[in-house]
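Each of the two complexes below includes subunit A, the first together with subunit B, the second together with subunit C.
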Partner chain A sequence: MKLQLFKSDMNSNGYTLQKMAIRLGAFAAFLGIMVFFAVTARGFTTSYNILNIIEQSTILGFLAFGITVVFIGTGTDVQKGGIDLSIAANAGLCAAVYAVLLERGYGDSLAIPAAIATGLCVGFLNGFAVVTLRIMPLLSTLAVMNIAAGLELAVTQNTVIGAASPLLDTLAFGKFLGISALAWCLIIGAALMVAIVHYSPVGLRLYSVGGNVEAAKSVGIYAGRYVYGSYLFSGFAAGAASILIVARLSASTPGTGLLLLPVLAAALLGAVFSRRFVPTIGGTLLAVLFIGALSNGFQLLGISSYWVSGVQGALILVVVAVTSFAKKS
Partner chain B sequence: MQSNKNKNRTMITASLLTIAMAASSYSIAADDLPLAGKTVGVTVIGTDHDWDLKAYQGQVDELKALGAEVIALDAGRNDQTQISQIQTLIAQRPDAIIEQLGNLKVLNPWLKRIKQAGIPLFTVDTATPHAINNTTSNNYNIGAELALQMVQDMDAKGKVVMFNGFASVPVCKIRLDQVRYVFESYPDIEIIDPELRDVIPNTVQQAYSDMTDMLTKYGPDSGLKSVVACWDVPMIGATQAIEAAGRTDVKTYGVDGSPEYVEMVKDPDSQAGAVVVQQAYEIGKQAAQNVATYLNGGKVPSFTMVPAVLVNKNSEL
Partner chain C sequence: MNSVAVEMRDVSKVFGPVKALNQASLTIEYGTIHGVVGQNGAGKSTIIKVLAGIYRHDEGSIFVEGKELKSITPKIIEKCGIHFIHQDRLLVSTATVAEAIFLRNEPTFGPFINHRKMNAQATELLQRYFDLELDPTTLITDLSTAQQKIVQITRSLSQNAKVLVLDEPTAALVTKEVESLFTVLRRLKEEGIAIVFISHYMSEIESICDTVTVLRNGENVGQVSPKEVGIEKIVTMMTNRDTSEMYPRRNVEVGAPVLEVDNLSLASHFDSVSFQVGAGEVVGLAGLLGSGDKEVLQSLFGLLPPDSGTVSIDGTSHKFRSPVNAVENGIAMIPEDRRAHGVAVNLSIAENITLASVDKISKRGFVNRQEEIESVDALIEELGVKTPSGDMLVRNLSGGNQQKVVVAKWLSCDSRVYLLDEPTVAVDVGSKIEIYGLINRLAAEGKGIVFVSSDFEELAEMCDRVLVIYKGEIIGEYEGSSINSEQLLAAASGKKITINRSAV
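And then the complex of A and B:
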């Protein structure tokens, strides 16, 4: 008996050590890359550039928060857990709806709720497919991604739709305390997310549903509602991000769907930065800034943007491999 | 007679081009490395098409040849990436920035920021009030010349399919507006409404399938005679669709001079009617030379036009 206990202690220590090694490795890689850029890339460490990185990461951050909530509410197991592959295409559709309404003369008071409602509708469709129809999330959200991408093309005719409003001007060019409005959006958005996800009863219940759905059900939590809710939130995040996209580009343009790869990379990488390898808002924020800094550093060094996609894909592979390896052991 | 006329036109344009190039080379010959010690940023929306790549290479090669350190950024056809790249370039404070193509609605607020940051801005194929100089082809002439060739081939009557997916790209708007302007004088020519949308990526495949649908809708007795776009990559797909449908009554017309399309125009059996070939590499070189002139205190005009040549079935290339 004593021996067994000792053995299990050993296992748990080994497990913790391994996890810690991976986590420290992730932080070391992050720091190492930052130091490399600071030494080699001209202008990387200037305050102007660091604010640029935060600003450039805002849209990615909003979308990554959306997918992180889906991961929290449905578990991070790549096969059994949930995922929202439609989030970037959804943001593209919301941006299209928003820009078209502004172009036709409707103000922000109508266009913003319409964009958010569009995002929520797509989120609801995902929830319906996953929870009610019980279709595998990878497939159902892939199908919804195509629906959203198709609708975006139908709304915009695959063209660039220019958009202007006082709010968009403030978001794109406004500054407060020397920090741009978009960067503020990320800072405030992240703080709100931390408060809701990590410090509210709703957030804790969401974690329990994603951690062990049977246990959550046994204590009276309506698991299905939380899964539905996580997809709805993901849709909301796409809607909110779409307004920032239109602000940054002064238009809705084709190609928003391409954000899916960095968004997935950020949300998956975020888990590595957390103590128990679970998705957290802080971890996702760190991962978003890491990916933002990576793109920025590559640009400063004049390395082709095509490599950034390659690196993001490789990151996803490494992170998924490392986390599933760590969980199995 | 017609052949001689075209031959003469081609020869005159070619001579003008040679003179223009010689003059511009001379203007910077005074100093071997006029851009030594200078850093120049280059941002382009994409390099996936022949024209884009050649113009981009022209800039980078010439800037390096003139002694500049070049930060060259390719946005991979993604507006978000291009905006981030422009923002990053501003942070690096180069001595000048050259911007090539892209959507003006997206770019203009950011080009303004470059100007506000005090960095001299030069553009390639992008007319904007924020640039010191725009190096481009004479797109007004390109549109008009192409339209006149179409009028001639159509005997001034018939229907035209127009691909118009890039109205937010200034050079495209100018060319197709000019085509419409020329057609105004020929009331028997009708542009089919609605116009089609050419796309990036999958340009050739999409144009092929759209054109196939149009050929089904507008049969041999419909009066459909021409297809036109502001560039020539969609015309490769449209020409293939026309030939696959066995139609000899419809011809295609484009701009740029992508090697595949020029080959089609030269092939007497192909339905590709004519293409206005631009000197993309020379445009890029010229933009770099303008930067050198400006940074050495010289005066640079608000636009520099590099001649383009119309190539049709009768041209000798």
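And then the complex of A and C:
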């Protein structure tokens, strides 16, 4: 005897089709823009340029992974769920701490833990504000963003602080199997993230907390700890990214906070690439490369960089509108 | 085989002045399906929550397989093999079937989830218990409601559940799905699992339950076999005939129709609903949870625009696309969740009352405070809202008084049709009587009133006419003094029965 079960929602077919169309549309847009740049922007397809895009994307990628984890753990609905607006400013603060310590003559063995610890502290502050004080994430992380940005200015006096260490040299100029150290960082970082987020029980539980808090609690998951954890991780990601930032520029420079827009755009865009319309590491990686390529292509075409941030902002609006439209049942 | 799985003996639970459970008992045997029935507030959910460890009982004892449990927490209960399938499907919609089944019990390979094993085990469980071939990587959001229920049950079975408690499992299911769920339950019963089945639907209780425990006002009225005594007897056991002085009488001549609803339909909520309400008439809509009664009301108020059909007020037909539209054309709604929809708790009583009629007391864009105070004071006195002044914040009032403020708000704007959605829910008896008085006053003023309530006794006593709505369709109409709550309950449960009057 077979059980007969019917999907009661009669619109479900049209609905899945719609989702499919959005996903395919996203991939098509991605490919289309790549092809457009390949044809029109001179030097876009050279191996030097592609490597350049990947290297640029490393920093963006680390930060976007941080926000992605926050998105996963606090609700895949961007508007009601969590967000970490402080992540780029946090990275700036970490970079400042790191560079200042190196400049004062402390080695990497102290400066790196100090940078990471700074990131974790800011992450903890976010978790405290969101989970313990229950302040709306958009607002609380915005406030923390300003705290971090202010501290960065206090530490650096708003100046460029040069930094050098053997590790930084390796990161900036090292190569292995013909691939630069920064690119390796992205590859290894992404692989680790995939393992944790998509292949470990912790990842699955994090998704369940973000997907339906009540359901997660009903099976005995401590949801609050997972949300705290996601903000801590986001702080950690900022700390790790700060080292790459200093390595790439050989200095800590003001303006790291401006990375927020592309990072946010990438993490949001990533969800469109996934079957479940949830943030994934693979999706975020793809989106990061897309955004990296976008600004790179614009540069090559000689379009003012001012336009890039406009395009990224527009992208955020479109993606959020499309995903929330797709989720509406 | 039939050994006792769970026994709850003389359990009492008190909430403030209310005795939610008064020495209630429940005995569940392995290999049986045990129904728990009762009207709203009879103590069904309280006794289940005591068993689940969510509420602590004040008196009585609970035995699992003959051993008394001294302390009960959700974790201990789960260890005993007692699992609860909640009414709201607590599943992560973006998870896969396998993930939902094994969340927090994932098969692992080193530090990683063994996805292949997890999927294989999920497939095997679904196959073994339900003979169901379902791709374990299907997303929960793509499943039917019945399939989601089955995933929840499978999750419990994967953890060796011996007792399954299902709270209104069929509430959101269509008939075909109910059939397949029952097939599943019968199969589990044959495997020796004890099933507790809580439902409003009498026809379902009759077709699936071996024994039924009937609760009324927190007390056991008895444990019976529905096949032996029949549903009529159980319904009679559930309802309480002692209505005495609760309901004030009114004497109003019903006039020309104020509200005419013709073939109103909204996909997956209700279909071809037609009725009329005359001036001074109170028409009840009796339906069980999910029957579509509330949705009809929301459609009339423009909250859920209908797919087709017309709504006429005083003979003019309208299409309400929003509540603003409905209010402008003389419809007022008193919503069920007053905190969410009815009152602004942080405004004063006066401000709340004049919110809907602010245009009437405004001159050139400014609120005329003097006029506000005067009209409000009159209403407060008339309705008996217990407050020192109209300036008091609504937040500080009791539930009953808050509800009166909502009613006053709409009285002040002089609508033609009043839609009442559970106006007396969570309100004390005294306030209930005053709200009934208000309804009578509205009727006396020649308004048309549509009354939705899950308290069928209230409907039977207060309405001139009651329409019974079942799975989105009006299936019956009762008029005048012939209405009684047993009839309504039986009809709304999808059961055409005749009540044995001599048994009452």
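Note that the second predicted complex is superposed on the first by the 318 of 329 C-alpha atoms of A that agree within 3 Å, B and C clash if a C-alpha of one lies under 4 Å from a C-alpha of the other, contacts with A are read in each partner's own complex, and residues count from 1 in each chain.
In this text, contacts are C-beta pairs under 8 Å (C-beta built on N, C-alpha and C of every residue); 3 or more make two chains touch, one makes a residue touch a chain.
Owing to the predicted nature of the structure, the values given are computational and were not obtained by experimental measurement.
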On the A-aligned overlay, A:V194 touches which partner chain: subunit B = first, subunit C = second, or both, or neither?
neither
Using the superposition on chain A described above, determine whether A:S295 touches subunit B (first), subunit C (second), both, or neither.
first
Contact-wise, after the overlay, does A:M136 reach subunit B, subunit C, both or neither (first, second, both, neither)?
neither
Does subunit B (first) or subunit C (second) touch A:N52, or do both, or does neither?
first
Check the residue A:Y207 against both partner chains and state whether it touches subunit B (first), subunit C (second), both, or neither.
second
Look at A:G255 in the shared chain and tell me whether it touches subunit B only, subunit C only, both, or neither; answer first, second, both or neither.
first
Quick check for you: in the superposed arrangement, does A:V322 touch first (subunit B), second (subunit C), both or neither?
neither
Which residues of subunit A touch subunit C in the complex?
1-10, 12, 16, 76, 195, 199-201, 204-205, 207-208, 211-212, 214-216, 218-221, 275-278
Residues of subunit B touching subunit A in the complex:
70-81, 83-85, 87-89, 91-93, 103, 105-106, 108-109, 165-168, 197, 199
Interfacial residue positions of subunit A with respect to subunit B in the complex:
42-43, 46, 48-49, 52, 55-56, 59, 157-160, 162, 172-173, 245, 248-251, 253-256, 258-259, 295-296, 299-300, 302, 304-306, 309
Show me the residue ranges of subunit C that touch subunit A in the complex, using the header's touch definition.
75, 86, 88, 90-95, 99, 103-104, 106, 108, 111-113, 115, 130-132, 139, 142-147, 150, 172-174, 176-177, 179-180, 183-184, 267-268
